[in-house]
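Next come two complexes, and both contain chain A; in the first it sits with chain B, in the second with chain C.
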Partner chain A sequence: MTRYTYYPGCTLYTKARNLDLCARKAAEKVGFELVEMPSWNCCGAIYNAASDDLAAQVGPLRNLAKASQLGDKLVTLCAACHNVLKRVADRLSQPGNEVERDRLVAFVDEKFDRPVRVLHYLEVLKNEIGWDKVKEKVTKPLAGLKVASYYGCLMVRPKDVLEFDDPENPQVMDDLMRVLGAVPTRFDFKAECCGGYLVVNRRDVAKSASKKILDNAKAWGAEAIVTTCPLCQYNLDKLRVTTDGSIPVFYFTQLLGVAVGLTQDELGLEHNAGDPAGFLKAKGLL
Partner chain B sequence: MTISRSPVELLEQIEELSGQTVSDCYQCGCCTSGCPIGEAMDPPPSKAIRLLQLGKASELLDSDGIWMCASCLVCGTRCPRAVDYARIAEACRVLVLRSKQSRVDPDTVTVPELEEIPQQAFIAAFRKSSV
Partner chain C sequence: MTQDASRLTSDAGNTHAEAPGVDPRAPSVRRVGVFVCHCGINIAGVVKIPEVLERVGKLPGVVVTKDYKYCCSDPGQQMIRDSIKDDRLDRVVVACCSPTLHETTFRNACDEAGLNPYLCEIANIREQCAWVTEDKDEATTKACGIVRTTLTKVVHDQPLEALTVPINKRALVVGAGIAGIQAALDIANAGYEVVLVEKEPSIGGHMAQLSETFPTLDCSQCILTPRTVETGRHPKIKLMTYSEIDSVAGYVGNFKVKIRQKARYVDFKTCTGCGACLEKCPGRTEAWFERGLVRGKAIYRLLPQAVPNRPVIDAKSCLYLTKGKCGVCAKVCPTGAIRYDDTDKFVEEEVGAIVLATGYELFDATKLGSYGFGLVPDVIDGLAFERLLSASGPTSGEVKRPSDGKTPKKIVFVQCAGSRDSTTGMPYCSKICCMYTAKQAILYRHRVHDGEAVICYIDVRTPGKGFEEFYKRATDDGIKYLRGKVSKIYRQGDKVVVWAADTLAGRKVELEADMVVLATAVIANPDGVALARKLKTQIDSHGFMTEAHPKLRPVETLTAGFFLAGCGQGPKDIPETVAQASAAAAKVLAMFGNTRLTHSPTTAEVDEEICVGCGYCERTCAYDAVKVDPARKKAVVNAALCEGCGACAVACPSGAMTHKNFTKKAIFEMADSF
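Coming up: the complex of A and B.
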């Protein structure tokens, strides 16, 4: 079983335990193991684009250095951690930034053994395991469930740095849903911003942005939404911006978990809003 | 606003911190039309860049708009002139924060919010908006 160094990040230890738990269990079912890297620290939650801001690079750089001592790949799951770690790795590998990188490495007092490729869990499934292998592990196909895949901003932009998917019409989660037996719906707002951290001080703005996303998913006939970002999940699911609250918002790992036969306890549905267990039971999936 | 620098100096600093050249923008408005927060952002991206082109950097630094940009990067991805407004907004916020002025006071966060909202949101909001 291939082992990957894994960086969970802070939110996956608390508010998004369901994202983390299913991911680890589903990985074992699919045929790889996530090995949590020791003594990781917060990634900083958001990338700072100011050209002279070295302080914001320290946290992510320390994680990358620690990971480099274990191997040449680092697997992430939270969209924010993925975005920050990948952008900092890219920034420090750019020609002309050697002095900045060497100063930071000296500051955190860690060896930087080799360049580290930051991979999202979805990239592992698609490029390292392969859709055919994932499909072989499906024991409970999702029975034509109509799913809108919501990527948000952090997974797809900036395109040239993340090299993840099309920034306007990404497909990787749609492909995964198809592999699991679901039917990916069309979805115009799949890469639109949910308002992100503005929910802290401008809840009205986050609500308005999230409502447009939910309304569009429903308009295309989606019965459920999947995401990989704890903040998107909160804004879409727990702000309850739609009056009927009729569309559950799952982590993609939860539907992956259903399809590969995880138990209800392993899905962590109690951390989602509404009655996701009831929804899945009504669909014959639980 | 207590940043007492000339408009030329401010523009130079914004361009240096953002790595962007504001004169590259030809005001097509693609950024503003695609901005998911555009309705709530005053000024929206293209108008903000226009203010800089007109030498009104301090007006932009005083605005609400720079704090509404959540760095989703749709504007820069679609810009036909490769101007990244998210980085310009970042540079403006950084200039204000470095003059020791916070936009969001962490002490105003209440316990119910702390119990509900994922911590990544707090860390991001305070890093972007607080000294």
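Coming up: the complex of A and C.
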């Protein structure tokens, strides 16, 4: 079984327990292992675009250095962690940034054994394992469940660095849902902003942003939304229970978990708002 | 010298008669004149000309050095002509701009002074030196090096005679849109035969789809049909519709073209174009001409005014051809013109010149993920809106939106949908969209008086006669212009929502419209791109065919005998297309005005004593100019086809293949001398 160094990040240990839990279990079912890297620290949370603020790169750099001592790949799951780590790795590998990199490496007092490729869990499924292999492991196909894949802003942008998918019309989660037996629905707001951190001080703005996403998914006939970002999940999920509560918002790993036969306990559904277990039961998936 | 001395028949060796005991034909006893051009300050501003003259003057073989402010001018050329006579020069080096600009100029000057033109060489000290070097001393040294290298070559040069080939005075025009039609008519009206090939069943191209044309608003059909009818009836034009170019062999003046005439399943001679079959056919297909607004029939013609006015059957959607059932068209045809057993036919034509008028297509807007095209039925492209506006379109000119047939009360027009965007791979301006969008908005308001038109734009570009006034007319008419790029288009209920920006007011704008029209980027017609690749004529990174010179040879290509007209060369409007098509025709006619064509003699040649017929040269040649004679096992160069690129001489493992005036010995000496 292929082993990958895995960086969970802080949210996956707290609010987004459900994203992490079934990701690890589902990986074993699909045929790879996530080995959590020791003594990881905060990813930096937001990629710092200022070129003179080196302190903001220290956190992500230390994680990358640690990971480089273990292998040449680092798997992430949270869209925000993925974005920050991948962009810092890219920035420090650019010609002309050697001085910056050397100063940072000296500061964190870590060895950089080799360049590290930051991979998202979805990239591992698609490019390292392959959709055919994933399909073989599906024991409970999602029975035509209509799913809108919501990528948010961080997963696919900026395109040149993330190299993941089309930033305006990403497909990778749609493809996964298809492999799992669900029907990916069309959806106009795949990569729009959920409101992000504005939920802290401008709740109204975040609400209206999230509402557009939920309304549009529903208008296209989606029965559920999947995402890979804890903040997106929080904003959408919180909003929907405070409004009409109609479509549940899952992490993609949860539906992956359902399809490869994880038990209800392993899905961490209690962390989702509303009654996701009831929804899945009604659909005959639990 | 690798060349056989017996070949040097007219060498100007007589000037060395006074040097006894020295072979007058040896490169070491040449009398070379070096002429250094200032090119205003282009060269003289960087290169120290007096120093170049002094250093070059000391080189062996140089008998005279001169400089002049503009050597290409008449006095400059006279200086060279005089010097050839006065100083008894037998070789000339002109240190100036690129040979692509003035090699011919200076060679002609030498010819006039009695020196074989191929004994004159250009040392490019402008593009390759002065323009790219900042330091004056460095530039001067480099210029001396370039002159010295050219000098090393020129002493090896042999006099050559230009080749001449006969011309077949028939032209092929590929594509019968307005560009091809215009070029064909101009050539035919001058009395020469034209073969006009069109891949669609009838001629007229995209112009036949348009409603009215900017900036005069005259009806596209009304101005086009006289031309299509004239083309169809012209005794000198052989019209081949529903046909494609399969291959082109030969060379300028003497092309052999193989044309594939696609199976039409209708005998054009028997068919009268009555249209009975069109009414009864139950087969359904995509109608590209109507831009997907309606479904077409399996037997179809593009429009009622089609030239030729004969239908064809789309084999993929015909029930009889796919399932063996139906056959209704054959039953109702009063003349028995249906031929279900029709097959593709190949026709060979011989022509002397080819006009490539392959036209454009619109970029597939489904690739613009955020604009909803293909997902939202009421988001359409500019050509589809032309069909809605056209009196011969699916709605007879009434503006009705595709989803429910209602009259849209508010339309948002989105300019630069794909154009001017490096992330889509189309950083260029599509040129026609600003004007046709203004036109479409005006026409929409003519049809729907209480309709609201909003145009989202980045810049409005109106460089054309009457264009700015037309744009003013649009703004005066109450059409709203909103400056900012549209970021997203999606459906909400029965409305289409457009996220735009008003950058002049500095705010985000959300518009609710009944319909959205995308001014999608103009791209080179993919079939034209494929043809250009097949013909090995140059295209740019976007697939547009490349002209020989962007300013001075805009309708010629670097492949002799190929000419360009219309949007296949780059986006352009109808007046510009027609002008370019007439220009291409004029170039063809200028060529047909000669009885024979000259061709540069600096081609490849084979030493048959050495050649073993391995065929490396044949595989290397991009112009099909070298073939191995299988009987004699020797490579044979077709000098008329050879462009003198030298690739075969490089590929030849035995050294049998050489390039006239570019021998290996000369090249090695040039490299050593630099």
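One rule holds for everything that comes next: the second predicted complex is superposed on the first by the 283 of 286 C-alpha atoms of A that agree within 3 Å, B and C clash if a C-alpha of one lies under 4 Å from a C-alpha of the other, contacts with A are read in each partner's own complex, and residues count from 1 in each chain.
Assume contacts are C-beta pairs under 8 Å (C-beta built on N, C-alpha and C of every residue); 3 or more make two chains touch, one makes a residue touch a chain.
Only a predicted model underlies this, so the values are computations on that prediction, with no experimental measurement involved.
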**Request:** For A:42, decide between first (touching chain B), second (touching chain C), both and neither.
**Result:** first
**Prompt:** With the two structures laid over each other on chain A, which partner does A:205 touch: chain B (first), chain C (second), both, or neither?
**Reply:** first
**Request:** Considering only the touch criterion stated at the top, classify A:195 as touching first (chain B), second (chain C), both, or neither.
**Result:** first
**Request:** See if chain A has more residues touched by chain B or by chain C, and give me that chain.
**Result:** B
**First, second, both or neither for A:234, with chain B first and chain C second** = first
**Prompt:** Does chain B (first) or chain C (second) touch A:53, or do both, or does neither?
**Reply:** first
**Prompt:** Thinking of the overlay built on chain A, is A:186 touched by chain B (first), by chain C (second), by both, or by neither?
**Reply:** second
**Message:** With both complexes overlaid on chain A, does A:14 touch chain B (first), chain C (second), both or neither?
**Reply:** first
**Asked** Given the touch rule stated above, what does A:216 touch, chain B (first), chain C (second), both, or neither?
**Response** second
**Touched partner set for A:159, first chain B, second chain C, both or neither** = both
**Complete:** Dual-contact residues of chain A (chain B, chain C) 159, 167-168, 192
**Fill in**
The answer for chain A against chain B in the complex is residues 9-11, 14-16, 42, 44-53, 56, 78, 80, 152-153, 157-159, 167-168, 191-193, 195-202, 204-205, 208-209, 212, 230-231, 234, 238
**Fill in**
Per the touch rule above, chain B residues touching chain A in the complex are 16-19, 36-37, 39-40, 68, 70-74, 76-77, 86-87, 90-91, 94, 103-104, 108-109, 113, 116-125, 127-129
**Item:** chain C - residues contacting chain A, complex
**Value:** 368-370, 372, 375, 423, 488, 490-493
**Request:** Sort out for me which residues of chain A touch chain C in the complex.
**Result:** 159, 166-169, 186, 188-189, 192, 215-216, 219
